[in-house]
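Both complexes shown next keep chain A, but they swap its partner, so chain B is in the first and chain C is in the second.
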Partner chain A sequence: MAEMSHIERVMAAITNAKGDRLSTYPIACGVNRNLVNGGITYRDWAHNSKLFAQAFIEGQKAYGFDYAIGLMDLSVMAGDLGAGVRMDEQNTPFVDKPVVKSVEDYEKFKVPDIKKGRSGVILEGTKLFCDVLKTQVITAGFLEGPLLALTQVAGAERVFMDMFTNPSAVHKALAVMTAYDVEMVKGFAKTGCAGLCWDYLWGNYSCLGDKEYDEFEGQKKYAGDLNELTTKEGMAFCIHNCADLPHLDTQIKAFKPVIYSMAYYPLIPGSPSAKETIEQGYADNCLVGGQIDPQLFIRGSVEKITQVTKDLCHEVKTALCKRGLGSRYIIASGCEVPPDVHTKKENIKAVVDATKKYGVVDW
Partner chain B sequence: MKVSQIAGFLGSGKTTAVMKIVDELMKRGHRMAIVVNDVGEINVDAKFIESHGLKAKEIAGGCICCQIAGTFSETLAKLHDSFDPEIVIVEPSGVAIPWGLKRAAEYSEAKADMIIEHAPVITLVDATRIDLLVKAVKRLVETQIREADVCFVNKVDTASAADITKTEKLIKEINPRAEISHMSSETGLGIMYACDLIETRISPRYDEAVEEELLRKQYKG
Partner chain C sequence: MSKEAILNKLSDAVVGGKVDLAKEGAKEALAAKIDALDAINNGLVKGMSIIGDKYAARQVFLPQVLMSAHTMYAGLDLLLPAIPKSAMASMKKAATAVVEGDVHDIGKNIVKTMLTAGGFDVTDLGKDVPISTIVSETKAKKWDALALSTLMTPTMDGMKAAVDGLIENGYRKNVKVCIGGAPTSPAFAKEIGADHRDANAQDCAAWLKEVF
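Entry: the complex of A and B
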């Protein structure tokens, strides 16, 4: 089969048409700031829409991915809601001062102006990289789901306890997070991105059961409404969830995303491998992606990560073949490639090269 | 450098226990550092930290594989280069996964010239709130118990005998391999034993555990 373009390849995978090979996207986002102007700080990258966009453009030039997904970090919304965000020179920013100190604080949230703060940076930056890349690859914005945004701004332990002891207060705050997300969805729709990737991190059986997840993020409200809005606004609805025990029945079978990105935890009983995910039917109607250990990009050698990619391609192709699904899998990292100065660029390239070589689908 | 995790859900008595354990280990002659989830909480004891020359660094809650890992490993590497502690006591968030933190700790080896050893993962379970914890955050508590080497039933000085028994039963059900002991971080009961564990025992590395499928074997067997 002739070599397809990036977009043809992904569309073939989504529609279960004949594709030349598996598509690939090591989730290389913040790490690509090292390709901009000889390497810039995380702070500069996360505060400047042009630099943010340039990293994705340079990443595409360097590696030839099939996708570009505009993940910044998971404290964007929390920071704009007033939480203190620690931003080291070269590390992923994170919330170090949550704002909820009492139950009453849940009711004080207000949707910020999305044109300001880092919400504005990510929207503008996404538009800028989509302007350049949308004719080459499948582009997507990246957005924190309402429960993730709330746990970031309020502190996860506190929120999980208050779900039980003060559920009405948590629901009031989630309504504001959802309203904030609605504004962001509408903002992303204007960027020209083909899809929008939601981070629904807490759909995780290590944290929440089906009943609690359904109540605080599920299909009936919050996520359900946002998923529908995403599609209505003309974007392919996608999910990233790097949980050890993801709620696949809810997030894949009920939510029905076009693309689902997931991780694999070999130590955790029940953590679904790529093979198991396909065998259990989750890739039947969804383009699933994963599950290379992100830390291999720092600690592994080119030989090691090439072997891991080769093995994953083999595992995935065998499982897909048995279910009549040709190339419906993305060879990706299970979570973001660590945006660390020690991450080895050659390992990112090795994953793409190995997928080109070993991900070819024999029709 | 030896990394010792003291896990447990919010309110389980972690901070008090960490302070007493650090104090005792320093009396035994060890150069110590601590890494806590919420530096605001530890500031209550700022004088203690200053008087002992400890280094406190915060660690964020969130996604261990991408968010925490970089910051945590960088923190450990910097502690090594600037302070070279023999033992680092880590007080993670109640939503962190102990095996994930082990992996992140090992990944600091790429950033500094050191080898990481792990002390037994200690999880504190608050016996006075066991009913609430099981109702409210059962899965999170289960995760922390499941991945512990040693579980301390904490606050035994104020918990009822029935609640202590109930807590022990829960731990045995979730993690039959775990050693169970008692602690009162307020009165100091169990602190000396926790220090002995940290000083003398080693817990498997993440890489070894993956190779040997330790947890999966445990659950199957």
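Entry: the complex of A and C
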């Protein structure tokens, strides 16, 4: 089969048409700042829409991915809602000063102006990289779900306990987070991105059971409404799963995303492997991706990560073949490629090269 | 109220995440002159063990575990001061910390809870803890076990620095070092010279209990 373009390849995988090979996207986002102007700080990258966009453009030039997904970090919304965000020079930013000190504080949240702060940077930056890359690859914005945003701004431990002791206060705050997300979805719809990738961080059985997940994020409101809005606004609805033991029945079978990326957690009994995910039918109607150990990008050799990619290609192609699913799997990292200055660029390239070589599908 | 009824009350309070009930039960235990250590082990800790088993079996989840831990500590606050110092001295000492540069501490807090429930005298150094503090305090306080956590990749090297620091100050052979957190692995533990890596808090506490 002749070599397809990046977009043709992904569309073939989504529609279960004949594709030349598996598509690939080591989730290289913040790490690509090392390709901009000889390497810039995380702070500069996360505060400047042009530098944010340039990292994705340079990443595409360097590695030839099939996708570009505009993940910044998971403290963007919390910071714009007033939480203190610690921004080290070369470390992923994180919330170090949550703002909820009492139950009453849950009712004080207001949707911020999305044109300002890092919400504005990510929207503008996404537009800038989409302007350049949208004719080459599948582009997507990246957005934190309401429960993730609330746990970041209020503190996860606090929110989890208040789910029991003060559920109505938590729901009031979630309504504001959802309203914030609605604004962001509409903002992303104007960037030209083909898809919008949601981070529903807490949709896993290490953290929440079905009952809690359904009540505080689930299909009936919050996530359900936002997923529908995403599609209505003309973007493919995607999910990036961040944890072990994911709620696959809810997040894939009920939510029905177009693309679903799986985290890497081989040590937790019960977390499905790539093969098991396919065998259990989760790739039947969804383009699933994963699950290369992100640490290999720092600590592995080119030989090691090439072998891991080769093995993964073989594993998923065999499983896909048995279910008549062709190329419906993305060879991806199981979480973001560590945005660390020590991450090996050659290992990112090795994953793409190995997928080109070992991901070819025989029809 | 009988001793058995008070112990059951303490256990039930922890299982149900009822802080007021745990405080009430702890006061009743002291008033009834029940040995404080007995009340802790056969009341509060028994309840926490039940919750730990239910969490492992996915019958309860993180919010319930956190509520139960919060409840156990409410009871401990009242019962611990009543334990004779001689009894405390025989307990193994452990410390927990999230290494410098990271503030994600839910996992560390659950490890702290499970170690406490496992009979360790636990000092929690908190989150974003400077490596120099971890190293110097471990030696100064003569801790038997050190449990380090991080959820972020760039801060993993802090764990290695802590192990190296303990070698440098000559205390490494006296302390078992466990690591945990999503990006860590048994291979990483071996690479940096830590003794153990576990995927969950219960297994970490069980491993340390076995070692000692």
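Assume the second predicted complex is superposed on the first by the 363 of 363 C-alpha atoms of A that agree within 3 Å, B and C clash if a C-alpha of one lies under 4 Å from a C-alpha of the other, contacts with A are read in each partner's own complex, and residues count from 1 in each chain.
Please note the rule applied: contacts are C-beta pairs under 8 Å (C-beta built on N, C-alpha and C of every residue); 3 or more make two chains touch, one makes a residue touch a chain.
No experiment lies behind these values; they were computed from the predicted model shown.
Chemist: Are chain B and chain C a fit on chain A, or do they clash, once the structures share the same frame?
Modeler: With chain A as the common anchor, chain B and chain C collide in the superposed model.
Chemist: In the superposed arrangement, does A:Met161 touch chain B (first), chain C (second), both or neither?
Modeler: The answer is both, since A:Met161 touches chain B and chain C.
Chemist: Name the contact category of A:Trp363: first (chain B only), second (chain C only), both, or neither.
Modeler: Neither chain B nor chain C is touched by A:Trp363.
Chemist: For the overlaid complexes, name the partner, chain B or chain C, with more touching residues on chain A.
Modeler: Comparing touch counts on chain A for chain B and chain C gives B.
Chemist: By the touch definition at the top of the document, which applies to A:Leu201: first (chain B), second (chain C), both, or neither?
Modeler: The first partner, chain B, only.
Chemist: Contact-wise, after the overlay, does A:Gln152 reach chain B, chain C, both or neither (first, second, both, neither)?
Modeler: first
Chemist: Looking at A:Leu74, would you say it contacts chain B, chain C, both, or neither? Reply first, second, both or neither.
Modeler: It touches chain B, and chain C stays clear.
Chemist: Can A:Gly209 be said to touch chain B (first), chain C (second), both, or neither?
Modeler: both
Chemist: State whether A:Asn91 touches chain B only (first), chain C only (second), both chains, or neither.
Modeler: both
Chemist: Looking at A:Pro338 after the superposition, I want to know if it touches chain B, chain C, both of them or none. Which is it: first, second, both, neither?
Modeler: Both partners, chain B and chain C.
Chemist: Do chain B and chain C touch any of the same residues on chain A, and if so, which?
Modeler: Looking at chain A, the two contact sets intersect at 86, 88, 90-92, 94-96, 156-157, 160-161, 163-165, 205-209, 265, 267-268, 294-295, 298-299, 335, 338-340.
Chemist: Using the touch rule from the top, collect the residues of chain C that touch chain A in their complex.
Modeler: Residue list for chain C touching chain A: 17, 58, 60-64, 66-67, 70, 101-106, 109, 128, 152-155, 182-183, 185-186, 188, 191, 199-200.
Chemist: Could you please specify the touching residues of chain A with respect to chain C in the complex?
Modeler: Within the complex, chain A contacts chain C at residues 86, 88, 90-92, 94-96, 156-157, 160-161, 163-165, 205-209, 212, 243, 265, 267-268, 293-295, 298-299, 335, 338-340.
Chemist: Looking at the complex, which residues from chain A come into contact with chain B?
Modeler: 73-74, 86, 88, 90-92, 94-97, 151-152, 155-158, 160-161, 163-165, 201, 205-209, 242, 244, 263, 265-269, 294-295, 298-299, 334-336, 338-340, 342
Chemist: How about chain B: which of its residues touch chain A in the complex?
Modeler: Where chain B meets chain A, its residues are 9-10, 38-40, 58, 60-63, 65-71, 74, 93-95, 97, 99, 103-104, 107, 110-111, 132, 135-137, 139-140, 142-143, 206, 209-210, 213-216, 219-220.
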